[in-house]
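Mind having a look at this structure? Questions to follow.
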């Protein structure tokens, strides 16, 4: 949908997922570091399945929105000798890829001894790549600023796609996961930025879409968005660390309290040593 | 051959191989998982040699078809001061690369202690790359849709080439193998699509090759083809799993029957534990 | 700042850091080789933190210079319905990225059991990439030589970015570190070269910016700069080796002297064997 | 030198090295397989040093030829307010890079406990990259066929450069080494092809440099050259295998003869088991 809402919707989806990942991956990382568990815990598995379900839900919402907005194609692809609303169909296709990626995520964690680990990453990488691929071919014949602001997305998308593909081989690498997270947040905020620039929502004056200075500013603005994305990722990472440390101290405090009551030091210390930091 | 058959032939070859791979690699994967065998079993080796032979056969058929169709070059390269049917020669070269890849496959598995593992992958990667390379330089001066529909193939080809090259280092990675399989099926179905679009076989009206909307649709259609390829790969993967589970249950049932007759529990359980799932 | 100083400043920063790295990494390498220590020594940690601080300082100096030169934007971004001095703002953004990379470096080594190793490399890779990204979009509409001389930088920048990203996975690989060092020195000397070519400082005649021969020379000159950068890296590498060998011989001499005094051979030889070369 | 000899000279250099590598790497591979030695044997080290020396020698010959041909620049770079023979200077720079790569090769194997392994590969990768880099910028403003035939080289060069860079991490991988070898042979034969096409030596008629068919043929011809390069690599690989097997059988025959004389079976079998095939 070539309007403000059509950019705010995917922007919000990506932002929600980006923020969630910026909490999830640090959480997983510190858990693994503390608990020395390599196998999928039941809890983590459940979280991944819910994440996959929500991803699929978002994709379905996106597809329905693209298809059934008043000026949408209403599932008609070819009508009266011409293609109907191909723009909306292309956007639906992008959502569809993410929906399938969500389904694969669920399958990977539901049947984790059947589906080989890594398939979820390949499909996600392909979903991100396809988004970039469709964007690449669909900004021709538009004003320069419109073209430029959309094509900047491609850097984030192809970068993310390559990085996710790397995770097939280097799975559970926290650095790659955080990098991906930051690129996703970037994408989320950038969709909002596109909405604000191309379809100013609050009656602010339109941007001159042929002004070279506007293009130069937008290029720089993209870098600033990435810095903000990095900052958000870093903040959430440290919040998770603080939270986990406090929870742990609290739990240990309780345990020690119980210890004192029970005076069962030897048993407890052996139990605790497993959850100690390295 | 710039007609429907000239696209249906390679399309079928790629499709047959893609479908075969989507059965072969899951089969190999579950076998290795179940039987904990890392070395090449004799049976697997025989299958690979037959695959190489069929690949070479397909390539020979392709070359003969390109050379000896009525308007083909009949092995004349330069005739009366001009090059003869360079298009057919380029197609022959593409087939030739795959033929050589087939021969190398056979040699790799026939003389596996002489030929270093990985050479077969490099040669296959180069065959796929060369196909893309020749396509890249041979769609100039054609109508936009013709150019576009062929150049979309390049994404699949160069992606597959890079992924196959990765297998030199990460050999027997099921995820890379399935990814390659899906790209091959994509290529197969896409060749058919090209045939249907550029040379409508059933008297359907011609496509307007300069219409921007047709190009936009074809781009999206390429993504749908990939989704279909993914779907086929997934279906075959799960069919193989179901088949293997059933076979195993059947075999175990028999074994247990025999066990009851022989009352030789201890020996059998030790024997069975080797083929158990992890 | 589109003048000589504006190129000499970043050139000097990159050069200083490149020269420092060409000493630091060999030093670290020989230390690790000799002492068989894999964990971060306290001393190395302190050096990394100081390096991060200086990097941040340089970035701050760069930003202040770009903002508060007489014809700078003085922190005004939008003024009287037009963007103010976007060029300076873009340069400030480049410096800002390196500043943040410096801060992340410090955090990585200050809280090394919280911040995952590799994050510093990703952020540095992104800083280098962003520099290239901004350069790529900011040389349009300039004379050919100006465009060409800036775009040559991109080869160094994108190469360095990819190489630094590789260090996320292959950390502490001396070859990658030296490669990065040589590319950084190249960048430093090339900024000086740009200054000399585009803004001749000593009253030398201006270069004809449309002459094809000048462009050809500059291309070749870029290669020569890289050879010089390689040479400097190699010289510093061997100087560090010579220095370390001399220090070691000296220390061992003293130790042996002390040994003779104390006549405590057995204890000392056990102690020494740890710092022996492999 | 834009004539037949100017292409035949580098072509021969690359061809000689390619052929040598196609013998050397199989030799090394089978030796390592048979003898289970991972460390550098003295003999291998000596061969590498000689190879480096010959590489440097070839580079020096190339530079001298480019500089001191009758219409060469004779080491004058800037003369009478214009650049002198920049073409020859660019070619000299390419040779220079390979010369430095040769020197680094020698240093790596002479001082192998000082120079880190992998530096030789990085420098070689940069030499190959620089050759491509200079070619890329130096074929503008030429007839289409001339441009095309030179730019095809870039595929081989950038591919080889990436593959050599991979060897920094995956050193001594026979598949990467053979791939590099085949690309080098391709380059050698292609330089000869360029010479024959652009400067027909035996009075054969000139090629029409604007004919689209010629360009199409040359593209295909490049693929054929690669197939020939693959073929040569494969032939030499199997010749080396046959040679080594025969030598071994011969040696073993002698050893067994001696064994019979000495009747010292136990000792000999222990000695032989080390050089047995796996």
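A, B, C and D label the chains in the order they appear, each numbered from 1.
The rule is short, and it goes like this: contacts are C-beta pairs under 8 Å (C-beta built on N, C-alpha and C of every residue); 3 or more make two chains touch, one makes a residue touch a chain.
Predicted, not measured: the structure shown is a model, and the values here were computed from it.
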Neighbouring chains common to subunit B and subunit D, by label: none
Whole-Å gap separating subunit B and subunit C, where each centre is the average of the chain's CA atoms: 46
Approximate Å spacing (C-alpha centroids) for the pair subunit C, subunit D: 32
Touch relationships between chains, expressed as pairs: A-B, A-C, B-D, C-D
Residues of subunit B touching subunit D in the complex: 82-83, 86, 89-90, 93, 96-97, 100, 113-114, 116-119, 121-123, 126, 130, 133-134, 137-138, 140-141, 168-169
Interfacial residue positions of subunit C with respect to subunit D in the complex: 29, 155, 170, 173-176, 178-179, 212-217, 219-220, 223-224, 226-227, 230, 238, 241, 277-278
